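Next up: some structures, all given as structure tokens.
In what follows, subunit A forms one complex with subunit B and a second complex with subunit C.
And then the complex of A and B:
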């Protein structure tokens, strides 16, 4: 593909834009890191904190863990379970819904997907309260499963949107070929279409996992007794007023996200979709 | 295993558009049957109806006398090769060929795949990904996948059209040899005259969802049933003077009752094709052993005419 992307001048331009984008994204991260690792006199206790602190300490982490390690662990596990249920359920439901949508005319599927997004237009707070009442009756209140089901409201439209796009981009003949080659409807769905949709499915899983991981509104209302990590950090930095410990927590929160992104990223960059189908 | 194919009054409509109009057809066992037609005339739709991916609006599809119209494609035991080969990109060559065997729970998969790969000369690439092999190899892999489970019939949708001219030529003769070897029924769809001529035991000319004529290619050329077929079949459309058709080979140049003014000429090996117009403006193609100058007058006589009931209309726009 000879395009303007390969023009050296344009490449320099894109490079500069990318650097600016990275800086904007990383500055908050940098601030978080120095608050977590530098001595307080150079960060939160200073009137004019230096951009590059010179004295470092692990006392924030030690303090955070020695005081709250069991709460932290519980919150971590709760977040992990919730996010994994959200991701798995979103992908399992989303794939089948998307397959149906991909068989419809573009106009029809676009209409249905925009209707799905209605649920995300309503503020979470508005739905969280009636949900909490129902969950109390159903015994789902304060449980990981209940929280995951509520978060699904926000996540599922996104997942369906993403996977539908992937399925629509698959060459139609592959499914027809599978049927002719002897695959039943379900077989062709799971042995041919599902593997081909992997990049979209992993991307959707990753995104819904991360959306759940730092979801706040549903979590604070539906699971306040045994909180998830974002809620715990919030309680620490505001109610307990210890921003130092909270920074240490916050940094820990990002580590699983980085790990899962690295693990799944190789599945997401699938450019093999149309190979073997010439013309 | 080989099978007979029969279509009875098959019609296929999408909404208001009727793509296939009341077609009936009988393909004999072991026949290499070619469906020839301009693009957009329902050739591929017809294959999809036979294979069961599409359902006819009315009419029946019979395989070996058995009505399979309502049978899903996976139970018809047919093999199909799509124009773009539709190789599964997530599997390597071996698994592509093995896929139909796995779906049919057949035994000895490894042995069967190796045998068919050997026959088609693709044993070396069995471990490769399908995007690592050439177009010609992809076509063989698609054929191997079709052959591997010994289907009742082969349906091929322009399988040669994505190949380079040179590979296409050898693939064509190979395909013919393969069919004679397997003695199986092939239904082959194409818009390419040369392929129809080289491959087909019989050729069905399809236009706007209807068969114009079903005959060996030579007969289509010599004895077209309609002016449309005369116009469509052949390297050049049939010539018409006074509403009667003739081929360039049926004319003698030099003297005669007809004459044209020469517009252009093209060399084809050791002869020339001469393009010109009569006084009344009809386009004529003639053969000449030597180069003739443009703008000059050429007299000719015609040894034989073909008369049609329908009026000639140009197919050039459709091709």
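And then the complex of A and C:
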């Protein structure tokens, strides 16, 4: 790059700024971990909790699990089912739509992309309330399937953009070859395109899964009686005032997502997110 | 891409499910919300709901939403630019640095709210422990408008700045380095290079980041609802009016939210189209 960056003094400067950002990023994670693992008298029960607690315990987790096991289990399973439906549906709808988009005239695909893009502008709260009224009539209210159907709206446009970006990067010759050899449209889609696009589809699935796992707005309105994990945390931290359990649950919610984020950081470059809009 | 006869029709059929999905689950409920906002249980074509909402809450939810959105966007873009410029330079440990900075993206919004509530409590808490160690006085963080705004914006930005950095970084990699070296030969300073080269060339990426983050900021909900921001916002007002038996007042509130989001999106698109004409 430019010669200025090779200057050792500048390099040191960049490094120091980078370290500061890393520390600021890690402090909240650190607080979450010590509240989950340190004895309560040194964290939430202390008026001025010490920055470096000295006694650690697993009893916060054991307490959260044993005292709440049935509620926690139900919330965990509900989150898991909902997120998996959201991810699977997103990939199924998104993959076909993306492939269709790649076969359309530019004007038509631009129109469809803008319809999808426009749907992301509608606030979840604005549509969650009419949806809750309809779901109540349809018997989908408070169910994992109903919640998944609503959360799908948050992830579907993004999934289409991501998979579209993946499809654009595939070599065109292979598909052409398959068609010349007599493969039909759908056959070449499943036997040639699908295997090639797997990494991008997998990344889209993980991202959708993760966004559903974290989703709050639809979950609090459409599924308040049998809550998902984020809503359980919300109820514990506000209504029940149980910060300790909320923190233990929070760590439980965070661990799988952190793992997914680390996996995704290889897949997700900014251009994935922007390809549908700039491309 | 490869095109065969009838492909366009099959392509359309492949896209149809995704498009129908957002039409049925996003656009129709949004229209229901707008239509319902002008009805009550007894009357139609009335502005009673709006009068009720404004009469009960005043204009402060609208003003507060704007203040939170503007502050959060300001902070996220400032840090986003700094982080993206850092990451666009080669330095030791850049990969590890970007992996760590990306971590908060994987922490659920409600978890972020819980953590920041533990740090910035009304009484005691980690931030106050720090203040005491430094010889200051404890602060009731949620007590005043200014401090609750500060902690809300900090919590929201901690989680969401990575996505801004990521998009800006993707944009920075598209700027040819020659432009910078030429500008330096011509004697342009750091700030001049930023305003004359980086900013104009990044316009489409800034527009995308602004769109994604701006819409989300108008919809900021979980963090405020969890108690970090006890003052009314358009979202928390909508939620507090939410009632399945008589959803009409919440429809009015939700419609105001929708209107502001659409106006915001319109201005971002205007900025994008104008900036693309210049470059």
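Throughout what follows, the second predicted complex is superposed on the first by the 218 of 279 C-alpha atoms of A that agree within 3 Å, B and C clash if a C-alpha of one lies under 4 Å from a C-alpha of the other, contacts with A are read in each partner's own complex, and residues count from 1 in each chain.
By definition in this document, contacts are C-beta pairs under 8 Å (C-beta built on N, C-alpha and C of every residue); 3 or more make two chains touch, one makes a residue touch a chain.
None of the values given here were measured: they were computed from a predicted structure.
Peer 1: Could you tell me if A:176 is touching subunit B, subunit C, both of them or neither one (first, second, both, neither)?
Peer 2: The answer is both, since A:176 touches subunit B and subunit C.
Peer 1: Using the superposition on chain A described above, determine whether A:112 touches subunit B (first), subunit C (second), both, or neither.
Peer 2: Only subunit C is touched by A:112; subunit B is not.
Peer 1: Applying the touch criterion given at the start, work out whether A:187 contacts subunit B, subunit C, both or neither, answering first, second, both or neither.
Peer 2: A:187 sits against subunit B, while subunit C stays out of touch.
Peer 1: Subunit A residues in contact: does subunit B have more, or subunit C?
Peer 2: C
Peer 1: Between subunit B (first) and subunit C (second), which does A:52 come into contact with in this model arrangement: first, second, both, or neither?
Peer 2: neither
Peer 1: Which holds for A:195: it touches subunit B only (first), subunit C only (second), both, or neither?
Peer 2: first
Peer 1: Where does A:96 make contact in the superposed view: on subunit B (first), on subunit C (second), on both, or on neither?
Peer 2: Only subunit C is touched by A:96; subunit B is not.
Peer 1: A:22 contacts which: subunit B (first), subunit C (second), both, neither?
Peer 2: A:22: touches subunit C, not subunit B.
Peer 1: Which subunit A residues contact subunit B in one complex and subunit C in the other?
Peer 2: Overlap of subunit B and subunit C footprints on subunit A: residues 176, 179, 185, 273-274, 277-278.
Peer 1: Would you pull the subunit A residues touching subunit C in the complex into a rising list?
Peer 2: 1-5, 11, 14-15, 17-18, 21-22, 24-29, 31-32, 35, 43-44, 46-51, 93-94, 96-97, 99-105, 112, 115-116, 119-127, 129-134, 136, 149-150, 152-153, 156-157, 160, 172, 175-176, 179, 185-186, 210, 213-214, 216-217, 220-221, 230-231, 233-234, 237-238, 243, 246-247, 250, 253-254, 257-258, 260-262, 265, 268-271, 273-274, 277-278
Peer 1: In their shared complex, at which residues does subunit A touch subunit B?
Peer 2: That would be residues 171, 173-174, 176-185, 187, 192, 195-196, 198, 272-279 of subunit A.
Peer 1: Which bits of subunit B are touching subunit A when the two form their complex?
Peer 2: Going by the criterion above, the answer is residues 48, 51-53, 72-74, 76, 78-80, 82-90, 99-100, 103-104, 129-131, 135, 138, 145, 149, 161-162.
Peer 1: Quick one: in the complex, what on subunit C touches subunit A?
Peer 2: 1-4, 6-8, 10-15, 17-19, 21-23, 25-27, 29-30, 32-33, 36, 79, 82-83, 86, 88-93, 97-119, 123-126, 128-130, 132-133, 138, 158, 163, 166-171, 177, 180-181, 184, 204-205, 208, 212, 215, 218-219, 221-222, 225-227, 235, 238-239, 242, 244, 247, 250-251, 254-255, 257-258, 261-262, 265
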